[in-house]
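Next, two complexes with subunit A in common: one pairs it with subunit B, the other with subunit C.
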Partner chain A sequence: MASKQETLTSERRHKTIASVVLSIICIIYVMPIVTVVINSFKKNTFVKTDTFALPNAETAAGWANFIKGMTFGNYPFMASVANSVIITVISTFLILFFCSMAAWYIARVNSKFCKVIYYLCIFSMVVPFQMVMFTLSKTADVLKLNTPFTIPIVYLGFGAGLAIFMFVGFVKSIPIEIEEAASIDGCGPVRTFFRVVLPMLKPTLISVGILEVMWVWNDYLLPYLVLDINKYRTIPIHIQYLKGSYGTVDLGATMALILLSIIPVIVFYLALQKYIIKGVAAGAVKG
Partner chain B sequence: MSSAKAKKITATSSRVRSIRRWGLLFLGPVTAAFTIGFIWPFIQGIYLSFCQFRLTSDAKFIGLGNYAAAFADESFRYSFWYTAAFAVVSLVLINVLAFAVAYALTQNLKGSNIFRTVFFAPNLIGGIVLGYIWSMIFDGILSRYGTSVILETKYGFWGLVILMCWQQVGYMMIIYIAGLQAVPEDMLEAAKIDGASKSQTLFKVTIPNVMPSITICMFLTLTNSFKLFDQNLALTGGLPFKQLANGETVHTTEMLALNIYNTFYGTASVARGTAQAKAVIFFVLVAIMGLAQLAYTRKREVQQ
Partner chain C sequence: MAEVSLKHIEKIYPNIEGEKKHFFGKKKDAPKKKSNLKQVDGGVLAVEDFNLDIADREFIVLVGPSGCGKSTTLRMVAGLEEITSGELYIDGKLMNDVAPKDRDIAMVFQSYALYPHMTVRENMAFPLKLRNVPKDQIDKKVEEAASILGITEYLDRKPKALSGGQRQRVAIGRAIVREPKVLLMDEPLSNLDAKLRNQMRAEIIKLRQRIDTTFIYVTHDQTEAMTLGDRIVIMRDGVVQQVGTPQELFDHPANLFVAGFIGVPQMNFFDAKLTKDGDIYKVKVGDATFVPSEAKQKRLAAKGVTPQDVTLGIRPEHVTLTDDAPELVTGTVDVSEMMGSSIHLHLNTLGKDVIVIVQTQDLKEEKRGGFKLGEKVSFTFGGDVIHLFGKDDEKNLEF
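Moving on to the complex of A and B:
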C-alpha cells in the first residue's frame, strides 16, 4: 500500500464514487422485498393504486391479510408449508444418501455398467424438464408417487444427475490409500464407506445439499404435475393457485403469503450464507 | 519391484471385487429411481413424439407427422424467436452488469461483503414468487398510465428482462468474483509499472484472464433463458395474445417452455403428440448448448 501513495487520493475518490453507486444499486435491489412487506399490510384495493406508499390510516389492513391468507385459495397455507418441508427434507436426504453411495461405487468399481450410469447422469443434466414432464407425471401416477412422502423418489431420480456428477468428481480426488488402509485394518466396503469416505465427503455433501434444497423448495412444475393437486400443494403451487382459483386476486393477501414464504428463505440464507454461495458456485457446471 | 506392483494390483482388484459384492446396495436405489424418474420417461417421450395420443395408453404410431405439425405451428415459431431475442438481450445485460459489480467488489471497497450478500439474495427466491412480486411492482407503475404488464408485449418483454437481471446478476457476480480473484497479482503489478492506465489494464490484462468465467456465464445465462418457465408463467403467463390472419392465436410473451406446456395442457390440448414433438426439438436445442458447455468446462480442466 505504501508504494501507491502518490495515486492514493484519486484512488480514494474512485472508491468513494464506487461505494456510493453500489449503495444506490443496493437500495434498488432491496426495494422489491420492501414493497412486498409494505403491501402485505395494505388493503387489497390500495395495492395497485398506492403500491409504493407506506400504509396509512386509510390503506392499512393490519394483520388482516395474514389471517385471511391462511385459508385463502381454498387450501390451508400451513398445509402447503408442511408439504414443502416434508418434500424438501426427504428428497434432499434421499439424494445425499443414495447418490453419495452410488458415486463412490461408480468411482471405485468403474465397470462398464458404472460408466453407462455415470454418462446417463451427465446426459440427464442437459435434458429440460419439458422433455419428460408428460410421461414422468403419468409414470409417477401409475406408481402412486403422487404424495409428499413418495414424490421424493421422483426427485431422487430426476436429481441424481447433478449429485452423482459432483460426488464422483470429489471421490476421485480422495487418495485410495486411505481406503486401502481401512480395508487392511479389516473394514468391509460398507464400513469403509460410512466410516471413512462419508466423513471426507462432508464439504460436497453440504454443497449438493444446499443446491438440492434450493431446487426442491422452489420447484413448481414437477410437484404441480406429479402431486395429487386437490390433496397436496406446495408453497409455489399455493401461490400460483391464488391467481388460478379466483377471478380477481386479493393482492394484499397474496403479498402476505409471499412475505411468509420468503422469510424462512432469508433466515436460511443469512445463517448459511458462506456455504450457499460456495455451493452455488460449485454447481455452476449444471447450467 | 514388478512383483510388488503385481501384488498391489491384485490387492486392489480383490478390494474392487469385495466392493462389487455390495453393488445392489450401493447402486440399486439410485438406478431404480433414475429409471423411474428419468430413463423410462425419456424413452417413452421420444417414442410418443412419433405417436398420436391423449393418454400414454392410447398412443398410435404416426411417424413424423407431429414434427411437421410442430414446425408448421406459428405460435411455436414465434415463441422460438421471442425466446432467442430475450436470451440475447438478457445475456448481454446480465453479464455486463454482473461483471461491473464483480469488478467493483474486488477493489477492496468497504462493505463489499454486505453488497455481495444483498446482490446474491434474489437467487434464493423461487420463480413463481419472483413473478408475482414483479407483476405487483410493474402494475403499480403501469396502472397510473392505464395499462398493465399483461396488456402490452413490450412491457412483458422488458419486465421479464428486469426480473431476470434482478435474479441472476448476483449469481453471475459470484462466478466473476472468483475469476477476478484468480488473476495473477504480479501481472497487474507489471502492467502498472509499465505505465498502463486503469482501462488499459482492464481490457488488456484482466478481461483476457477472466475469459473462462465470461464463457461459463454466457453459457449459463443463455441456457437459463431458453429453459425459463416459472417466471414467464407467473409474470405474464404469455399474455397478451393476438389473432393471426389464418385464425391461429399467438401469445406474444410466451417463451418456448411455456408454449410446450400450453400445447400439452392448454384448453385446446388435442395436440399432445405435437407437444411432445416440440419438447423433443426443445430438448435437442438445449442439450446442444448444455453439452457444448460441459465440453468446454472439461477441456479447461484438462488444460489446467
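Moving on to the complex of A and C:
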C-alpha cells in the first residue's frame, strides 16, 4: 500500500517537473512574439532601452508606429501586402494543384522514372537553399521569373519536395479499388482525379496548404534575391527597408509591421489547424 | 443483360513487380508469386486457356481457393486487368481493348469501394451523372434501387456512418442503378460476419429475380457458389477444373479436387482397388467389397476402365452407420460434433479421417447426446453414391 502511494507521489512529482520544464520552453518560444507585440506599441527610443518592459504612459506610442510603418518611405506598404498576397496565393495554389497530381501518378505507377522523381523530391528537401540561391537568382532573372506573378514557379520548385512527400504518403493509403470503381462508373483519369481522388485528399491539401502559406508568406531571402526590389517588395522586404536617410532604423515601426504581417498567418493557421492533425494522422492508418 | 464469351483467355504476370493495370498502365502492388502457378517464358501464368460462354441473364459463379485466378478473370472481364491472350466478347463485341467505362458493366468490390466524401445518394447517382442522365431520372432510379435494397433511410448519410452490411448494399445499389449489361461481383460478402452473409446471400437471390442482367460472381465460399449460381466454374491454379450446374458438380465431380471442394463437410476419400469379376466392376475398401450401381457400371464399361488402384469418394451424408449390412467398414470415433439435428462423427478408418453425418432422430435415445471417443462403429454405403477417381490423374473414371 505504502509503495503504491510512493509510486503515485513520484508520478505526480515527475508530472510537475515536466509541466514546469515545458512551460519554460513554451515561454521561450512565445517570448519573441510577445516582445514584438510589446515593442510595437512603444516609442522608438524606448525599444532599445526598455525592450522587455510593458509600455507605460511615458513609453507608449499608441498607433503611431503602425501609421508610421505603413506610410514610411517611398514604397507603399499596401503594394507590398498585395505582392505578398499574390505570391502566397498563386504559389500555394500551384504547389497544391501540381504536387497532388504528381503525387497521385508517382504513388500509382511503379516505374523507375517515378522512383527517380520521388527520390529527387525527397532530395530537394535536404539541399539547403543557400547552396542554390546564387545560381537560382541568375536563372530566375534570365527566365523572367522576377515578378510576383512568375516567382510562384520558383516556389513551386522549392515547395514540391515536401508537398509530394506528404501527398504520396496519403495517396498510398487510399484503397485502389475506389479508383477502379470510378473507372468502371465512367471516369477517365482526369475525372477520377478531380471527382474522386482530390476530394479524398482534402485533409492533406489543407495541411500542406497551411505549411506552404506560412513558408511563402514569411519568406524573405528568396524574393529578396529574385524580385526586382525597386519594383516589387513583399512584406518582409518592406520591413527590411524601413530605414531613415542615414540608415537609422525605426524599431517601433518595424515591430508594428512585423506584428501586422504575422496576424494573417496566425489567423489562417488557427482557423485550419485542426485539419493539420487530421492530415498528419490520415496517412498513418489505412482507413 | 448480355451474353459474355471468353475464348482462350490467358493472363501472364511478368516476373517483375508492378503489373496490375491502372489508368497509367501499371500499378504499385504486384500480385504475389504463387508457387503452384505455372512458370512460362513471359512470367507466371495466372489464368490458363479460360473458355466459357455465359448466356444472357445467367448467374455464373467463379469459385476456387485463394490464388486460383478467379478474381483475375473477373478483373479481365471488367477491364481492370489486361488480357494477355484470348478474346473477350460482351454482347458479341470484342472488348479486349475497350476501357472499363465503355464496357457497360458494373462491379461490386469486396471492400465496397464507396466514395467516402459522397453521401449514399451521391454514391449511387455518380455513375448516372457521369452519363449525363437527367436529374429527375437519376432521382427516380436511385430511389428505386434504394427501396429494393432497403437503404432509403440512409440516402443522406456518408458511408462512414453505415455498417458493413449497409455499405455493401450501397455498393450493390451503385452497381444496379445503371442497369448494366453485366454485373460483376468480387467476393462481395467476404467482409461480412456469418449471419449477415447469410442474410445478404438471400438478398442477392431476391435481387437477381428483380433485375434483368447477367451476373458473374466470384467467391471462395462453396456454399455461396452452390446457392447462387446457375452454373459454377471451379478453378484451381489458374485452370478451370469443371463447369456445371451445382447439382452436376455435386453429383458428378470431374476430379478429386472438385469432389473435395464442393460439399460441406467435404467428401471422404479411401484408397481402394477396382476389380472386374466378369463384366461386373467391384471396389474393395479394406475388407469390404462394394458393387457400383448399374449406371456406373455402364459408364465405366463404356470408358473401358481397367482394374486398377483407385481413390473412392463418398459424401458424409451418403454413409450409413449400421452393424447390419453385408459389407461393413469399421472405425473408431475421434471426434463427435453435436450439430443439433445431426451429429458429425469423425472416424479413424483405415488410417484416414472419415466424416459421417448421422441424423439424431435416427439414433437410439442414449446415442443422441453424442458418441464416446474411441468407440468402435461400423458403416456402409450404397454402390450408387460412390465416386471413383484415378490414382494418377485424379480424374473421375466415369467421365
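Quick note on the criterion: the second predicted complex is superposed on the first by the 210 of 287 C-alpha atoms of A that agree within 3 Å, B and C clash if a C-alpha of one lies under 4 Å from a C-alpha of the other, contacts with A are read in each partner's own complex, and residues count from 1 in each chain.
Please note the rule applied: a contact is a pair of C-beta atoms (placed from the backbone, for glycine too) under 8 Å apart; a residue touches a chain by one contact, two chains touch by 3 or more.
The shown structure was predicted, so the numbers you read here are calculated from the model rather than taken from an experiment.
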Check: When the two structures are overlaid on chain A, which partner does A:K15 contact: first (subunit B), second (subunit C), both, or neither?
Finding: first
Next item on the list: Compare subunit B and subunit C by how many residues of subunit A each one touches, and report the one with more.
Entry: B
Margin query: Quick one: is A:S124 in contact with subunit B, with subunit C, with both, or with neither? Answer first, second, both or neither.
Written below: first
Next item on the list: May I ask you to decide whether A:P189 touches subunit B, subunit C, both, or neither, giving the answer as first, second, both or neither?
Entry: both
Next item on the list: Could you say whether A:E180 touches subunit B, subunit C, both of them, or neither, answering first, second, both or neither?
Entry: both
Checklist line | Touching partner for A:Y105 - first (subunit B), second (subunit C), both, neither | finding: both
Notebook entry, point to check: So, does A:K202 touch the first partner subunit B, the second partner subunit C, both, or neither?
Noted result: second
Check: Taking the two structures together, which residues of subunit A meet both subunit B and subunit C?
Finding: 105, 108-109, 111, 176, 179-180, 183, 188-189
Next item on the list: Quick one: which bits of subunit C touch subunit A in the complex? Just the residue numbers, please.
Entry: 17-18, 22-30, 78-80, 99-101, 105-107, 109-111, 113-117, 126-127, 130-131, 174, 178
Next item on the list: Spell out the part of subunit B that touches subunit A in their complex, as residue ranges.
Entry: 11-12, 15-16, 18-23, 25-27, 29-31, 33-42, 44-45, 48, 55-56, 101, 104-105, 107-111, 114-129, 132-134, 136-137, 139-141, 143, 166, 171, 174-175, 178, 216, 219-220, 223-224, 227, 229-230, 233-234, 257, 260-261, 264, 272, 275-276, 279-280, 282-283, 286-287, 289-291, 293-294, 297
Next item on the list: Spell out the residues on subunit A that touch subunit B in their complex, using ranges where they run on.
Entry: 15, 18-19, 21-23, 25-26, 29-30, 32-33, 35-36, 39, 47-49, 51-52, 94, 98-99, 101-102, 104-106, 108-109, 111, 113-114, 117, 120-122, 124-136, 138-140, 143, 145, 153-158, 160-161, 164, 176, 179-180, 183, 188-190, 193, 214, 217-221, 235-236, 239-240, 243, 251, 254-255, 258, 261-262, 265-266, 268-270, 273, 276-277, 280-281, 284-285, 287
Item checked: Contact footprint of subunit C on subunit A as seen in their complex -> 105, 107-111, 172, 175-189, 191-192, 195-196, 199-200, 202
